[in-house]
Amino acid sequence: MQERQALSARRIDHDLLGFVLHTPLWFWIAAGVLGLLVSAFVGSVGLLVLFGLQLLGYTNVQYWTIFITHFVFWVGISHAGVMISAILRLTQAEWRRPITRCAEVLAIFSLITAAMFPLIHTGRLWRTAYWAFPYDFTRGIWPDVRSALIWDPSAIVTYLTGTALFVFVDLLPDLAVARDRSTGLRHHVYRALALGFHGSARQWRLQLTAGILLSALILPVFVSVHSIVAWDFAMAIQPGWHSTILAPYFVIGAVHSGVAAVVTTMIILRRFLHLDKYITLQHFDTIGRLQLVVWFGYLFFFLMDFYFGLFARDPVEVSIWELRLTQPPTNILLFIQVLTALIIPLPFWFSRRCRRNVSLMFWLSISVNVGMFLERYILVVTPLSVKQPFVYTWSPPYQPQVIEYVITIGSFALASFGLLLFAKVFPIIPLWDVKEGQVNSQEVQVGRREVPAAIHD
Amino acid sequence: MADETGAVLGLFERPDDVAAALDRLRAAGFTGHDLAVLTDSPYPEGAFGEEPVRHRLYVFPFVGAACGFAVGLLLTIATQFSFPLVTGGKPILSIPPMINVLYEGTMLGALIFTFLGALFESRLPDFRPTPYDPRITEGYLGVLVRRTAGHADEARAALRAAGAFDVVPPPSAREEAPRALAAQR
Amino acid sequence: MAELPTVTPREAAHDLVGRPPGGAAYWGAVLVLAILTAAGVAALVVLAAGGAEPRAKWGYTAAMLAFLLSTALAAPPLAFTSRLARGYWGIPLRRVADLFAVGGLVAAPLLVLLLTQLPDWRDRPSIWLNWPGAPGLWDAVAVIGLTLAGLALVYVTGLPDLAAARDARRARAGGLALGWTGTLRRWDVLDLGVKALGALYVLLWGFVNLVVSTDLAMSLVPGWQSAVIPPYHVVSAFEGGIATTILALAVARRWGGLERYVTRDQFHAAAKLLLSLALLFFYFTWCEFLTYWYGRQPREQWLLGLLMFRSYVVPFALAFGLCCVVPFLLLLWNPIRGNIKGATVAAAIVLVGVLADRVRMYVAAWQVAGPVGQGQGDLPPMHLPGLLDVLVVLGMPAAVLLLYLLALRLVPAVSLWEYRRDRLLRVEREYIRTKVAVIAKPS
């Protein structure tokens, strides 16, 4: 990397363990605010359990709405974390070092947030266990594996377990550093978690090999999880959902929103934890170029979904697209989606100067995720909306209620809170990875110029 | 379990001194299995002239995948036959939906076993009282002589001759190290 | 450890641009390919002379067009990928891959011919929605654009080597060098141009995959409206492009005398990509199959019968087995993946699989092609190839290979200027008690 600095191990420990071992004031403020929002989230869910789903804006036909949108959105956010970490590890990209762990941890907490929504959406959360857990609780009824909704728990459990194990293996050497830098109860906790890691050549070789193996294993899982979420829709013969492209479309959309979420997280961490020496402008430049490539992929699939919706001129499919393109408020939401997720970011990502502008990259990443949230909302709600005229009901079309807005805000607070707590307890940037980068950094003399280089193991 | 109470740990500032220390220790009669280099980050394989690391981690994902596949197969077949009801026009034993669950089960098994294999091959958890110094995670390098078998003095001499700035005392003093370090801060 | 470039610049210039390829083996291959090409062209003329009907007779021709798009024309995207990723492993492989862009000179006329044989397009389910001039005009523009972009890419990436050939006193190549001298500004412009042309080529290639798979296959089959087919086509084509490049690298090593330039690293890296693409092939096939199977709708069950499990079950089984299962089982093992022979065998298997897959899609499509609004009817048996089809199947790839061999007389199979640059940026160094490869990546 052009902007790398020579940093001693002691300096790295000091910078990256600072937040873990010392607590600044802003942490308490942030934890307080996020905690309040999470409490509001929990309280709202409690109200739903107590009073039922009548508090929501559900109609007779629109029963998969904001909660399912959240489910898809948060599973999507969880994707890029593992994708970035795994692919960059497999390709031995040097720029991965400071960002892999925050990406992986973002994946874990996003997935936990996502997993809550199908439960909340059912109204009686605990009954989902009877239905989904592979055990005969009553009357000889087992989960029906033929149902696409049963594939979800298997996928999410696999992905969550895999990501958690991935994070733990990667964390072991840093737990050893935390053990060596702490005292009292903290020391004993870190000592227990570090499992006695002491940095022998064998342990390092196994650490690297396990990282490669877990990366190679988790990548197919990352593709399968969001595909299975997509098949919740595609397996139904509902026009607008029943499309062969939904699975890869969801996956590429997940990568698009997930990479943007990683950028948001990187910027926030850089700002509040003073990590400028570790998360440099070069990182934003490189990740901006990655976002550009993903943009093209996402555009391709978006257009395929559009064109093939109209391909066979099926009247119901056409009416869905008419709703999306011509009828407010759906067409306004679609316009905002295309503007924020596709049009606004593109010219900026082409410019090297813009990619290296941290504030701009922050707002672009927010813009992408606003657009991607709306994309999921439009995709989930509008196909059900076309059934509305055929239902004998006086209720207006679906409109989110206050409690749904509270739960929406609460979900963002929940994921952020989890990330904040993790960063407080464990180093959010891998110390050992950054130190390895220092060991591997070299220079190659070409004429009068010294070109930055790295050892390729 | 090896008796490591005779173990000796030397601390170095420079990687070249570590390589020189290994040479001296081998010349003094210590074998590769008795020696270990402790660092705070991975170095290129063979950088210190140490023995190559042999492991069987690659076997674990396959074993785990097989176990996960077997459990998935049992679960999916058993659940379908236990309540044989045609749903959505699909046969009682529907293989395509089974494949999704089988796949996830296989990958879950592979992931879990890889994790366990990584711990096993790394010989973790290891809470035995081996010589260790927290200064290793500050960037210093350690050369651990696990089994001195009564030749601890030769080991210490070889380490100092190679440039060790400290030779860590026996394990009983290990618990003093974090407190000493905290006192230094 | 990575195999570092060891040939000196002077030796490399002598090996790569000293003199054009020749000799009995080379000219023998040219002769055989020329004969096969002539036979293929003759078969096409006979087919065209017979008119558009029955449309089933064009199935194998369409399959060959798709095969060329999925093998030769899919190789330059691999070179672009390695440039984008700045992967050192790709340097000897880039020219070998880029040169296949000359296949556009075969694919473009072939597509134009097929477009003239399409049935009536008015109100036909398609991506064009009755757009004026569609599909013929726009498909033709796309494939001609792709051909021009490919030729431009080959020419621009070859400029410095043409200049080197000029300096080695080769008059024909030298004339094409346009007076190139390696000033810093020209190198900067060349770098930018190569990347821009590569990106343009990839975008056009993706678009041509889209229009070929929809206009020459999906729109012809009643009830087939699978949105995953264009990306599936792109992915399986990329897999074919990697396989084609691996085979070309093997030939370059074995018969081209380029063992010192084309090393195990290229095969290992390409084999890893091939493994990933084999998994993606499974993924896209599964997406289509599962969505159609699950709904139990008669229209979709008919399509599964036609394309996968009844009429074209043999090509489907071959395609699935040879593009996915066998490469996965082979390339999963590091000793095979990192071995030149292993990677080459896997690549050859994939090429056969890609051919079977294109036969499955396009022969089936042209066999059932009919007027708009026609129902799905009974499932027909697979349309087997006749003599003319065999000549086309042999002749069209032969034409591409012929153009490739002729192009090698102008530019070398390994890019001299990229090889020299790689040599500057990759060095071996002593590191304490071991040797390490150090790779520089200038911004």
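Per-chain residue numbering starts at 1, and chain names A, B and C are given in the order in which the chains are listed.
The working rule: contacts are C-beta pairs under 8 Å (C-beta built on N, C-alpha and C of every residue); 3 or more make two chains touch, one makes a residue touch a chain.
Here the structure is a predicted model, which means the values were calculated and not measured.
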| item | value |
| --- | --- |
| By mean Cα position, the chain sitting nearest the middle | A |
| Distance-maximising chain from chain A - centres being C-alpha averages | C |
| Chain centre separation in whole Å, for chain C relative to chain B (CA means) | 45 |
| Whole-Å separation of chain centres (CA-atom averages), chain A against chain C | 35 |
| Centroid spacing, where centroids are CA-atom means, of chain A and chain B in whole angstrom | 30 |
| Touching two or more other chains - residues of chain C | 290, 294, 431, 436 |
| Multi-partner residues of chain B (each touching 2 or more other chains) | 43-45, 48, 88, 90, 97, 100 |
| Per-residue overlap in chain A, given as positions that touch at least 2 other chains | 148, 220, 231, 455, 457 |
| Interfacial residue positions of chain C with respect to chain A in the complex | 2, 84-85, 125-127, 129, 203, 206, 223, 225-231, 279, 283-284, 287-288, 290-292, 294-295, 297, 424-425, 427, 429, 431, 436-443 |
| Of chain A, residues touching chain B in the complex | 8-10, 13, 134, 136, 140-148, 150-151, 154-155, 157-158, 161-162, 165-166, 168-169, 172-173, 176-177, 179-183, 187, 195-210, 213-214, 217-218, 220-221, 224, 228, 231, 431-433, 435-436, 438-440, 455, 457 |
| Chain B residues within the chain C interface of the complex | 15-16, 18-19, 43-49, 88-90, 96-97, 100 |
| Chain C-touching residues of chain A, taken from the complex the two chains share | 2, 91, 148, 220, 223, 227, 231, 234-235, 237, 242-248, 293, 296, 300-301, 304-305, 307-308, 310-313, 442-444, 446, 451-457 |
| Chain A contact footprint on chain B (complex, rising order) | 36-45, 48, 50, 53, 55, 57-58, 61, 75-76, 78-80, 82-83, 87-88, 90, 94, 97-98, 100-101, 103-105, 107-108, 110-112, 114-115, 117-119, 121-128, 130, 132, 134, 136-139, 142, 144, 177-179, 181-182 |
